[in-house]
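Structure first, commentary second.
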């Protein structure tokens, strides 16, 4: 299904269910897609940070994209991340995910290498020049250690290089600059990846939202999105605050024992497992799994949110 | 050629010559290997940061390893970097480079993801458990945004997980802690990647050095290494200072126009091109090439060091 | 005037006008206070970052506090920053500003030293234990290089140590956690220092706003605040976007020539000078002044916003 | 005693002993000075980071400088730190410490504010223009979050603004650039603040060393310095390694309970207390004191080094 211009609505970054021996669990992945589609989401984003793309081998990335594309069968657009260090490696992923049917690609700034804004711009231009589908910039400084400047995003948007931005920087003022600055560009969509300020982002003009927590509670985010679109800000805020409470499940994992990725992805997958959507809560190596006590803590958050 | 235990001497991280259209330039790569071997280096390290590993596709990485392994033909050991974000992806590279004949692998901490010391330890243990050749830890916080704690390196060394450390952190005090702490571990080699303090590192007990600048002037680093080993510290310092002067070629590229990787790798490759070792100074995308004026500046540094 | 509990409304961080030889310009400071009070602001905050507190000597700090307290004459509350590295030095400032009549103090985490959350908590508890007036925590990681965790702020609020938070971190999700978590604490006020997302902060429940740009356009921020309080979100957004446009004056100073503090404070003071509120746009040493061209650029932003 | 040109030798940053109620303990401070002078050090540095200058009130700073200057009575030069955020505040400290008799001042880059190299240069030039005694730049990025570029230090040295550098950055390559680049400047002294690589710094040409650990073991550092100057590198290394072992006392404090400043300064003061030099190991607020177990751990390090 070709990308609407611009992409709008709720577009969850889809978790990648794994078997106990860390292979992609295809039946669980299909059930997760159904779980999201049934809730009324507007698109799917595979191979993002929440999908553990950084942990998946190329073979596994291929299997994920093929599974989700074939299972959604054109009912809604599928974006795919092409997360890698630099242009040549990213272009290999572009070829793979578009061959597998992705409707758009999501591209970060280069990482590992010490880069420069001119090189970031060149990177996006080169990738877009070789991509058969629209390119969405992925601003995620916690992972790539560079913030995409709003001015750079707008310049690339005006030149037709970028069809959108997924902003996971947490910098709402910078996001606002992109939203306001791209108003005259009908093909450009500004999406926030910050699950705790979806109402704020939509109020200031965001086109859509890409909340990792929507794996666990897609109905909540669809409801939140619709209330915002209806201008019912009071009830939107109540729903957002409920979801903020639920998000605190990402604090279940002990920070003395594991990193923030293990804790967040472990909580999401544990919740999906407890809700019966996926068969196993395993995260990829070398992440640390949640303990039994931490799993019970996640269960309490689910119960508190009326999800169990 | 199996790794001596521990690896010692001068082990340059080999640049990856590219053609004007950014394909691996195999004849130039062979000439570069000859240039280094003839100078008397003790090992070669392919697919490190200086090799632009972050920019090479998997196919190109394979071609580089095969070319260097077959061209050295066992005359000296070849280490290979397996630079990628997390354990499953690194393990794919381990399979590739060891199939191609690498004698040891060089492994960074996970990156892109937000990690934890326990996960870093797990990562090295898992990789070592699956590698048929010795594992050398690569401490490069400027790229992976995590510093390997000396205590962690020593614990993994004592457990036989690590056969060595390549320290590109610039933190000589931390390196010294590893050097002193690993003295009772005969199989462990401590190598510095800091080209400007090779004499200091050897004076405090380093086993070997991995200087990127040795691509340009391998004779200088071999001479420096031998003077240090002979305890001729005064003449070692003079040679080191000459090499520090030469290293300033990495400042030829204008920082207003390019990042530090473009400037350093561009200068090394331009110098190799000007010295007639490789056919083309191109660096991989999206790096910015040196201008004509900047190239002349590199030429002056070469002339000043008596290398042209 | 004693602090209402909690502080609400628009509370500008008052610029400190200087003479050409960098002495506090008392007549200009009084005119600036009048300019703000006349616009209808709800409180004043002296000796914050926007006030160049980091650049003022103790004598100058005293003069600023005395001037503003005596000139406002109880018409509205005056908060004073007590910015210094650690507890003993902060306590000296507490004694000075409260002797001069400040109604509340604004306290950052320790800086310069390498600190720990337990030490930050201890710092706030010790300062509050010795302060005769309420203590507001100042979260400004760009200056102190530590982010105040929401949980720590809430713990100190619950214990009565803190009467409020001024959040200049730009992290709206963390601010929201404090806003929601402090709802049961009637004496606690959550204020945002982010001038570009005032509408967002108020929509999610902030009590007040502390926008540096309100020096230049206090009427705009008072209007914005009132529209938000009236639930007129559409017109609030329009006003906020107008102010976002005006804020871009902080980009007039060339980043190749000066730091971000010089550019932002220079723009605010130049605008106040051009509007006739203060006599001289000088900033404190070692900041770089705006050039003539950069001053003209600020003038254009003022004209564009209808302020000249 | 006027500064020799340049300053050389061992110049300990003098701890500031405090009474149990956190007042400067003048008799203990005098004993500490005697302890250092007797060991044969070449100068004293008061009001640096190791002196807890960031924690001392202006009154306490004055008392420290006066006590040390009068007690040394010209037997050796006394440097004083003037640590504060920006030029005007630093100039107030310059007036105080020079009135109290300091022979040189030690000045950091501005901090708290977001600064620029041009502003850092301006800062040093303004301070030097108003200081009656020589100015030594203090490079301490862990505290001020800016690294002094070697080129900037050399430019200011060539212009006669700086009489020296105290490098606490841990970047030996950058320090080497200053050492080599300032060889033609007879009045300039390059001092390292890194206590774990004193032999390395002296081997590459440093003029002197400013090791915090020299409070605890001044004889060790004097011995190390003399062996280096005699070219007895083998025995210098043995002494340095013994001191590295002793330095591990700074790890006695539990990092889950306290910051790195509390741990390091707490260990030094505890050791001085256990050695009978000072009367009380208290550190300034809000630092966390060492526990009884942690104190025993420090005692073991002292015993292991033959200091108890």
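Order of writing sets the labels: A, B, C and D. Residues in every chain begin at 1.
Keep in mind that, in the parts below, a contact is a pair of C-beta atoms (placed from the backbone, for glycine too) under 8 Å apart; a residue touches a chain by one contact, two chains touch by 3 or more.
All values derive from a computational prediction rather than experimental measurement.
J.: Just to be sure I understand: going only through chains that touch, what's the smallest number of steps from chain B to chain C?
T.: 2
J.: Once the contact rule is applied, which chains count as partners of both chain A and chain D?
T.: Where chain A and chain D share a partner, that partner set is B, C.
J.: By CA centroid distance, what chain is farthest from chain D?
T.: Following the centroid criterion, the farthest chain would be A.
J.: Between chain B and chain D, what's the gap in Å when you average each chain's C-alpha atoms?
T.: 35
J.: Provide the list of chain C residues touching at least two other chains, using ranges where the numbers run on.
T.: none
J.: Once you draw an edge for every pair of touching chains, what topology comes out, line, ring, star, complete or other?
T.: Here the contact pattern is a ring, one closed loop where every chain has two partners.
J.: Tell me, which pairs of chains are in touch?
T.: Every pair of chains in contact is listed here: A-B, A-C, B-D, C-D.
J.: Given the complex with chain A, which residues does chain C contribute to the contact?
T.: Result: residues 170-173, 176-177, 180, 194, 196-197, 199-200, 203-205, 231, 233, 237, 240-241, 244 of chain C touch chain A.
J.: What part of chain B is in contact with chain A in the complex they form?
T.: Residues 22, 49, 54-58, 60, 83, 85-89, 91-92, 110-116, 118-120, 122-123, 126, 142-145, 255, 257-262, 284-288 of chain B touch chain A in their complex.
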